[in-house]
Amino acid sequence: MIALGEILIELNALSPGPLRHVSYFEKHVAGSEANYCVAFVRLGNNCVYLGRVGEDEFGHNAIEWLRGKGVDVSHIKFDSSPTGIFFIQRDYPVPSQSESIYYRKGSAGSNLNPDDVDESLVKSANLVHSTGITLAISETAKEAVFKAFSLNEVRSFDTNIRLKLWTPEKARETIMRLLKVHPVKYLITDREDAEILLGKVEDPVKPLMEYTDVLIMKEGPHGASVYYEGRKHFSHGYSVPVRDVVGAGDALGGTFLSLVTSGFPIEKALDYAVVSSALNVTIRGDQENLPSIKDIETFLERVRNS
Amino acid sequence: MIALGEILIELNALSPGPLRHVSYFEKHVAGSEANYCVAFVRLGNNCVYLGRVGEDEFGHNAIEWLRGKGVDVSHIKFDSSPTGIFFIQRDYPVPSQSESIYYRKGSAGSNLNPDDVDESLVKSANLVHSTGITLAISETAKEAVFKAFSLNEVRSFDTNIRLKLWTPEKARETIMRLLKVHPVKYLITDREDAEILLGKVEDPVKPLMEYTDVLIMKEGPHGASVYYEGRKHFSHGYSVPVRDVVGAGDALGGTFLSLVTSGFPIEKALDYAVVSSALNVTIRGDQENLPSIKDIETFLERVRNS
Amino acid sequence: MIALGEILIELNALSPGPLRHVSYFEKHVAGSEANYCVAFVRLGNNCVYLGRVGEDEFGHNAIEWLRGKGVDVSHIKFDSSPTGIFFIQRDYPVPSQSESIYYRKGSAGSNLNPDDVDESLVKSANLVHSTGITLAISETAKEAVFKAFSLNEVRSFDTNIRLKLWTPEKARETIMRLLKVHPVKYLITDREDAEILLGKVEDPVKPLMEYTDVLIMKEGPHGASVYYEGRKHFSHGYSVPVRDVVGAGDALGGTFLSLVTSGFPIEKALDYAVVSSALNVTIRGDQENLPSIKDIETFLERVRNS
Amino acid sequence: MIALGEILIELNALSPGPLRHVSYFEKHVAGSEANYCVAFVRLGNNCVYLGRVGEDEFGHNAIEWLRGKGVDVSHIKFDSSPTGIFFIQRDYPVPSQSESIYYRKGSAGSNLNPDDVDESLVKSANLVHSTGITLAISETAKEAVFKAFSLNEVRSFDTNIRLKLWTPEKARETIMRLLKVHPVKYLITDREDAEILLGKVEDPVKPLMEYTDVLIMKEGPHGASVYYEGRKHFSHGYSVPVRDVVGAGDALGGTFLSLVTSGFPIEKALDYAVVSSALNVTIRGDQENLPSIKDIETFLERVRNS
Amino acid sequence: MIALGEILIELNALSPGPLRHVSYFEKHVAGSEANYCVAFVRLGNNCVYLGRVGEDEFGHNAIEWLRGKGVDVSHIKFDSSPTGIFFIQRDYPVPSQSESIYYRKGSAGSNLNPDDVDESLVKSANLVHSTGITLAISETAKEAVFKAFSLNEVRSFDTNIRLKLWTPEKARETIMRLLKVHPVKYLITDREDAEILLGKVEDPVKPLMEYTDVLIMKEGPHGASVYYEGRKHFSHGYSVPVRDVVGAGDALGGTFLSLVTSGFPIEKALDYAVVSSALNVTIRGDQENLPSIKDIETFLERVRNS
Amino acid sequence: MIALGEILIELNALSPGPLRHVSYFEKHVAGSEANYCVAFVRLGNNCVYLGRVGEDEFGHNAIEWLRGKGVDVSHIKFDSSPTGIFFIQRDYPVPSQSESIYYRKGSAGSNLNPDDVDESLVKSANLVHSTGITLAISETAKEAVFKAFSLNEVRSFDTNIRLKLWTPEKARETIMRLLKVHPVKYLITDREDAEILLGKVEDPVKPLMEYTDVLIMKEGPHGASVYYEGRKHFSHGYSVPVRDVVGAGDALGGTFLSLVTSGFPIEKALDYAVVSSALNVTIRGDQENLPSIKDIETFLERVRNS
């Protein structure tokens, strides 16, 4: 897989509550597409990351981490702007929920541009992936996604609309244009994003299926549904101790894509992906608890026996 | 509002279990009336704090914290005795419950006395508030409350009986005497305190209503009820991750009083106050998670949608 | 009571998830038989520990801790091999479950041997206790248990099969031989261990009762059952915040044995033992939250009232 | 005093070495002019802070902290841009030195502009203070300083040239222009900054004295010199455990200005200011160890006696 | 040895600077006489502790710790008052110095009284030890020391004057009376205490020698001198990283007394005692780094070779 | 370069003093040859690591870390034995010194054997490196080093004698045999090791030069000397805050070898290597502060200017 996006340094509040009263922050490497990449590698596939980091300690941090995880970082470029960061506020104002505070405007990652998209590399990939975040961070990053999607027909896309990065109108216009020009094989979304894209409709599934072969509709702690070839399959979620929900959706999407890439049947891939998502919320950090197949099966067996 | 009481430095066990095995403690500013004050200010009202702190680092700590929060600390006096402190033991012997261990005998705060009660200040307040704790810590503090209550007819009182500070008999005698001499507009209590005050009666509401216009009966995690003008309204509690329950009652009472002071209808004020109480138990520290109105409404909306 | 076994230094992951991403570890003193010993002492009985520790900082650590708790450590020997240690990985791969990673091969504790078993001491004890772990760690430790069990007819045994230490076949063969040669007064086990010992049978209780007067069948968070004199009693578990389940079984077994030794009726002893087990999972560390009788009764009363 | 500048949230590396390997960061409130303000208040004078913070948790954090310290925050404005932040890397690449990494481009603080400068307020102040940092962060902030300096003749200025914020050429041009148009009463600088302003000259003191009545030349751990009315006084530094040197210069400057404002003779004020600077490097955080007069005198007495 | 005094729970600031800005505290067991006791045991001698602790978690904490260390705690009594505690503020206002803030008025330990002094026990001891702190904490504790000293002629005394506990006048009067009535074999003091006891005299050694056979004059980091039989020996101190100096004097005194009790020549005992004192300041906590003889000799050898 | 050895997981005491009182440990990746490898890569050269890790979390941890750093880990094998670990005790019994406590007997790393040594790989390397540790951990590991050294004439060797792993006699016999059979280009040692290898000789340099072209004689904090072609050069050390000295020698050796491999003159390479060693002791962890050339030059420039 090739993923285009922005790697971020995450500063996760060590204690819950409003950030003004949080004294300590724990550093992680994050960024939606990077999360997808690590999920890919963790489950036995390869992933090339396309993006930019600052030529600073945080940039080196991100590259060393991803290389350690087995991601192909040879196409990541250094940029003179700083590596983007964000803070995670946990359990406030809503317990068991998290909020992201970005410091990524003008970041290295947002300087991703079409020239960074190596044509032969993208053409040779078995899957090209990006998300709504990359469309939102800058004009050049958006164009890079459009270019990459134009070079390879096997595409996946996670809507991941962040209203701190753009308006709903801009999100709708851009994402729908992308999907119209470059329909995808896999579309990952949830009901909130679907409402932004389609407005209030009774059933967002049907209109979305026009742009994708396989549609994943995430439903938070309840689980997720997959729609494909006229069929629907629902995988229920699991009750686990929640420490930070950020990254759960990427865990689900990345696990799903990696497993179907490995030849898993779609429904089983989603069942497993929902486990991955459940494991993800039990820790701070988006990538540290991305599971192997064996981990997922151990979990399922233990759940069955208890 | 004017609140009379003792500000304490709280040393909250960083890990759960018996204190003998706890190695690290986290410092907070607390004290029931101070908690009320901060809730008041956080929701847009003013609060003057009347009390004493030691002329020591902990005393300055308390004043800087409250001033930072916006409480009017200009009437707090320095005293040559040390600032009172207490430890919080969490999850032992009862999981999800906390226990307070006081080092406040002879403290600066307990030297509060009637001379500290500025007559014109108290007369001009729109609400005078204190709790059973202030009645219990010393004779002079008790007299200060009686004096303050004699100067202004708009009074609120939280029974807050702490059996580590006085006997049930002494608590009953003192509190009932206060309420008889100075009936209040708002009385905040729970069933345990009511039983100490009234003995085992079938329904403590009716006898208590003789001393108050509005009665808040707290019911722990289940929520709280308000009784007034012959009516009753119950606000149900919320299931949240519990880190430390100390301060939850003050959050409820302080939020309620502040909102009715701001003109909220009584029932809505209690609905909101119960949210404040739920948020409070999700963190260590009594004052750090006292919510704004916007926080409460975000919480309610998210609960409604999930 | 006399307990034979290996004291270990436990390094408990400070954060949940796979150990590769855990940066900090918290040290505790553990070891199944040591846990039993401390439970014994905490509930008012005496306990002599028979075993070996390394002549190193961790060995001294273990002895100082147990002596502090009131365990008779005068029979613990120093050994030139290092004190055994283990790591606890929490919440991975199964949330709310823990996994132990041992560094105890060739440890001081595994050098326990029959010569360490003081005949007159063992003969004079009112109970001799060991577990499947001690049988598994070395030939000489196994022989020490056989010798001790041959010297005193009042024996208790916790099957505690750890498949990281031996194969199921070896476990079955050794434990069944011990029970046949030296049937016990109290046998503590669970359904997984019973299946290893007996194979898949419909009801493991009956065959196990041939080797014991009293059988405790642990059922994890659901509680535990006791079988004796043809009777059965089930004590239900409690819902508590789970931080680390390691040691919960020892808390249950140790509390039960100590209380029956103190003259508690068997059923009440189990009811209390299940509370001890529940308290144990609320903290990291196996011995720090072993409760006194008063603690257990406070818990039960609070549960009843809420 | 009135100070114009940008309040920042500081994220100080909890462990030394390159940031890529630092996992935890400790939050503080900082910003050169805010440091000056707190030093002022700590030594018994008043200080009004003029600046902007984001309407976010970090902005409220900064305001609550400064208000707690006694700074007059009533003129701080909320801005829709985020509150600026910076990281401190300690002991790398040079042990006992620190490095700042800024995320402040386009921050709330940099939106300070001349309209924020309340004329009557500035005119009534007994001292108007700013630094080279405020000149560097934005055009509008620079203009705000020029406007404030034009309104009051009693000015102090700390050159504080940060080469991550502007080029040496730009720094020289801007600062020299300010000093020419608005010569100051107190100028605080060091030899590195002086070389940027004047080029390599044998003695920077004389040319600088053209723009100031009193010149403070900081010399790091060695101490500092003051030049005024043709005289020179050198105050030697102290050997103390160094944890973070960031803020030491502000401690020196702020303490000096506050003491001379209080009527201290210039030389004694510098002697005390150097102590303040020494205390400052013994802790992480710029404002937490700003000393009272009593603290300074205790230090001096203890040094004398040892 | 028998030691009379008050065991305290110490709450050591985790970070340096004024306590108002310290968020975390680390718990230790301390108290001057308890420090002496542990030093005694650590070096191979026995020590019985006479004193009282509260019947609370901190009291049990203290007893379990001392018992773990090998101190005979069977004569410690439980008292209904709380266990005394104190905070340690480090590096403020003087770097590398510490300050103690006590919460011990009316504590369990101060309820020590002559009835607690078991006559036959004290008579059978080979050394009876106490300090100026025990004389200061209460009338009854003072009387207990006088009684114990009247029962056994082999006495040691550490002046340990704490001006937060009594006035210099009271200290002088009480200590000089004790020494006159019950001259000691070993007197441990320093120049500050000597000045309080004797006033400003040119040489305090001679007058003090009237009350003791052996006089230890501590000189902080510089080392210590011993005077006996007309001779003087000076042992120089060592340059080590200083984390907390509290307890260094007790380490010196306790190590000296234990070694001479073991038959060490006086001068060698002091040389070793100064090493113990140096090791003590390298950690937080008074008792955790009290060295064995082997530790001291390893230190000396390594110093010699470097 | 190719390095043969054992990667270890290091558990560094979070607080100084005897391990029995250390509650928290911080995990790092270490192992002398791995430290050399990372130093190599950090300074711009390639390094292949030959060795084994356990198929466990710690093994994956080590591989991900080294791969992240840029080490070629494709030749590391997984082994069914556990990954070796060690603890670091700091500042006890000698302040500013550290002690290692190993749990590596029978570890995965010690199962390194000659079959793991890929002939063509080793032949093609520009340098083959190992240390006395690898000779000591097992017979098969020793043979692997002999085999590798027989395949390539450009060899470097660090004596690194650890007396916890073998006797002085065994160390001397083995290392001298290796050097006789396979003289090296670079030999790194210190005076203690030289005395073990040669006995007490007046000058160990001459006899050692028989086995090497270039000899590095480390002298701890004082610096290091290099001998080659009849010349000697001494590079003095630097005074820096010492947090953990473990790894300082590897930093020196690895930096030196990497720089001479890059074409640096020998004397300048040593000057830089000594800086690397100084930086290394300022942090816990062996590899986190290995500097780049730019880091070293920044350090030197700052030292020059201060």
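Note that the chains take the letters A, B, C, D, E and F in the order they are written out, and that residue 1 is the start of every chain.
Everything that follows uses one rule, which is that a contact is a pair of C-beta atoms (placed from the backbone, for glycine too) under 8 Å apart; a residue touches a chain by one contact, two chains touch by 3 or more.
A quick map from chain label to UniProt name: A, B, C, D, E, F = 2-keto-3-deoxygalactonate kinase.
As the structure is a prediction and not an experimental result, all values here were calculated from the model.
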{"item": "Farthest-lying chain, centroid of Cα atoms versus that of chain C", "value": "D"}
{"item": "Interface with more contacting C-beta pairs, comparing E-F to C-F", "value": "C-F"}
{"item": "Selected from B-D, A-C or B-E, interface repeating B-C by over half of its contact pairs", "value": "A-C"}
{"item": "Chain whose mean Cα position lies farthest from chain E", "value": "A"}
{"item": "Type of chain D:chain F copy interface by residue overlap (half), same or different", "value": "different"}
{"item": "Separation of chain D from chain E, taking each centre as the mean of its C-alpha atoms, in whole Å", "value": "45"}
{"item": "Chain centre separation (chain A, chain E; CA means) in Å", "value": "61"}
{"item": "Distance from the mean Cα position of chain F to that of chain A, given in whole angstrom", "value": "41"}
{"item": "Residue list for chain D, restricted to those that touch at least two other chains", "value": "18, 21, 23, 64"}
{"item": "Contact pairs between chains, per stated definition", "value": "A-B, A-C, A-D, A-F, B-C, B-D, B-E, C-E, C-F, D-E, D-F, E-F"}
{"item": "Chain A - residues contacting chain C, complex", "value": "238, 240-241, 243, 278-279, 282-285, 288-289, 291, 294-296, 298-299, 302-303, 306"}
{"item": "Footprint of chain B on chain D - complex, ascending", "value": "64-70"}
{"item": "Footprint of chain C on chain F - complex, ascending", "value": "11, 14, 18-27, 56-58, 60-61, 64, 82, 85, 89, 101, 103, 105-106"}
{"item": "Chain F to chain E touching residues, read off their complex", "value": "15-18, 21, 91-97, 220, 242"}
